[in-house]
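Note that the chains are named A, B and C in the order they appear, and that numbering of residues resets to 1 at the start of each chain.
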């Protein structure tokens, strides 16, 4: 079956306040969707709710991953079912090396009754990791460094993409993956996204600015304002936004000036 | 000790013996599995062991000191004052150890052996079912190698017999008998422990491991260890194991003395996993001479209550001390552990890293002392204490003491108390790990600086052990 | 419950405190509080304990802020028992220790400072003691800040005309009601022969905010036991200490922050500058009680050692019984980093001025929150102290 993520009439609250106010969106394998919106429009709320962050309450609606409702599942189950979120602000976990962490994540996907030695994924882990790091031009030394501990903004984002390469999700959500990157880092990270997301992967790119979309070409663009998608269209919509700003989509000028 | 030897000792009993202690046949006395402490017990121990007169005197004096010294008024006074010294077996000959059956060993201990994959023979020894466990093959090859290097590595009792001159010169010089109540107790009734001498400029390449992997004789409740690393030598000693050591007796009180001669390097690694009924009250101290390095790597997982503060006297210029410790206090446990550094010479440096985890009703206490004497100019000290609280009933205490004289020194101390962040758990969950797996990974990351200092197989076992300890609900 | 209108209740309690003082053993040196200071320093021959009332021992300086009541403590015990009776001795208990009992039994002058509900004092209240006259000096201040009040008090110990040894014993109790905001600045700049024992406790009720500064500059020996109980949800405490010592000065500061209510915050920072054979002892404890969830506590003690004959002791303790907590502490001891001095000197600043400049920067954060007039006074005392270094 071809992968898909269907979001139906999703409403999400944080600390008792409704932020996402009814979003409907379907992402299929091979498609790249860009979700654009100003600060405070609900972009990060949506991505956290999709991944199952406990602080985000789903008020109503459905999240179907490959036809199955995942809205009540804990985050790890969603992950094992093929959903991936590249975080805007990945947290640091001191003492846990990147390799050790990824090995644990891969192992979590191997059935409990299968021994490491009998699992292709576990036996080949070291090779897979090395190949993925090579492919994404990540210094092999990062394998032994502690996860996101003391990493620069660009390094953290590259390690997020590395995780995506290893875990091979069917649906990937990239939350402001371009934020905090200079132009060279942006090119490297975008290049990574393009390599990792093939025809089997559906992608939701969440971004404030259009510039990431110069490198990762979306098939569809959606504009999110005040927790609702106000317009959907093709790549030309992003250019329209670039020219006219969020004001042209009915947002008050002071709200549109984000950063 | 063989019974024949014991008989031989009996014949050498002094004339005043009966007068002083009121009975005639110490071997009879010992047969009756003596409990309680007395000069009579000390006398019979020293005679059965065939010790020299100076040791006999030392033991008796130590007993007087023990009896005279009050209980510490700090730590966990409730537990300390509840110790019934009359109910403890102070000396058990190896042949008396046997008698417990495998069925009597508590289930949780058996389960832990299972999970750690401890071999059958070792299990029985660790559970106190068998008195002897010697991995002959390993032991002999190591022994040959050591002999070639001139390294002495044997039980403390044997050391006293074969190298009395060295033992007499150093015994009790790092930790005087009267240092504290429990060092006095140990000095009075010590038995077992390791004696190690490393000759000048000798690098003992492999870690020397005490008891269960090598030599049963080293294990005991009041063991005494003395390590002397001569100039420019290097040795790593490992004591204990990750497997739980089951003892039906309630008190373990060891004394460990290390002497690092100029330029020597000693690392002493302990993983303490006594069963949860044991009070573990241990004194550990090292002297580091010029440019010597002493490292204590100290892990406390087991016991009901531990009081242990490894210490380094930085006595020679340029000496360096490092103490790396972790403590895991689960429900009903109190780990009162810490570190002491005394800077007594110029340009000495020390670093203390303490990591504690208190879970559920557990209590972990860091207790530290850093002293920089006026002449210790150019010295540097850094102390870092991290505590992790798991569950609402856990408790963490930090009691550091710093006494610093002089301008040309640098002392830094930092402590942080935290719990596992929900953001970290969510991040790991978003990559497919369950919430429990995520917490375990975070805890293992937390103690990683410690695990890193262990030989590979110990590190693996320790991680498995932490997994066991973490099982069950964690808030 | 009926209250004796004649104030005899206080007389009775003071008599009991005297008996307790009389019978109490010397403080034990085995506890941290007295580990580094010999209690004998504060042992006072009974014949010099003179409890004759000394109105004026604590003298308000400048006008009393509008709306604030300043009453004589003994008189207030008679005229306003409802204000005094439940609070006097409740924060610094007479049985807390021998010297606390002595103060209760034999204080020569006491004041009650009362900020009624909602009163916001526009100016600081300054209370000065300049120690002259008898060798034994004991004073006591009870501060009651009712809900929503706002008050700044400067408690200043200045050099008086008495030569020779002085034994000063001070107690300050502060009750900060719900949402009250109290600032208490203690400046100790006594003559070189003085010995001061100061016990200070603050009880902070719901959403109260308490800021304290203790600047310990003068005297021969100062021992201070300063604490805050965060007793109401949302209460906050911020404490600063500045110690500058040289010669043979001995400072021993003990702080206690007890979080008994949830959502409370405490922060404190003690800065010490030492020269000569001066010694500073800092022992502190933060305790988060079992039911006090979501507390934050920070504890910092920095010691700047300007000469190698100086000595500093530091025991910053934590006792954490609740896991919903953010708590850190730190302590350092060391000289001024040579790079800093080099940088200043490379700009043409003479060495001694560079040291002063650095020390000034080191202690300045302590003065950030006080009203300008109080800051000027603090800086004046500090500058005077630095001149003498």
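Please note the rule applied: a residue touches a chain if its C-beta (ideal position, glycine included) is under 8 Å from a C-beta of that chain, and two chains touch if they have at least 3 such contacts.
Since the structure is predicted, the reported quantities are computational estimates derived from the model, not experimental observations.
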Next on the checklist: What are the mutual neighbours of chain B and chain C in this structure?
Outcome noted: none
Checklist entry - Taking each chain's centre as the mean of its CA atoms, which one is farthest from the centre of chain B? => result A
Next on the checklist: Quick check: which two chains are joined by the most contacting C-beta pairs?
Outcome noted: B-C
Checklist entry - Rounded to the nearest whole Å, what is the centre-to-centre distance of chain B and chain C, using the mean of the C-alpha atoms as each centre? => result 44
Item to check | Between chain A and chain C, centroid-to-centroid distance (C-alpha), Å | outcome: 55
Item to check | Distance between chain centroids, defined by C-alpha means - chain A, chain B (Å) | outcome: 50
Item to check | chain B residues within the chain C interface of the complex | outcome: 73, 372, 374, 377, 387, 389-419, 475
Next on the checklist: Using the touch definition from the top, list the residues of chain C that touch chain B in their complex.
Outcome noted: 30, 290, 303, 305-335
Item to check | chain B partner contacts - residues on chain A that touch it in the complex | outcome: 51-55, 74-76, 78-80, 84-85, 87, 90-91, 93-96, 100-101, 104-105, 108-109, 146-147, 163, 167
Checklist entry - Quick one: in the complex, what on chain B touches chain A? => result 421-424, 426-435, 437-438, 441-442, 444-449
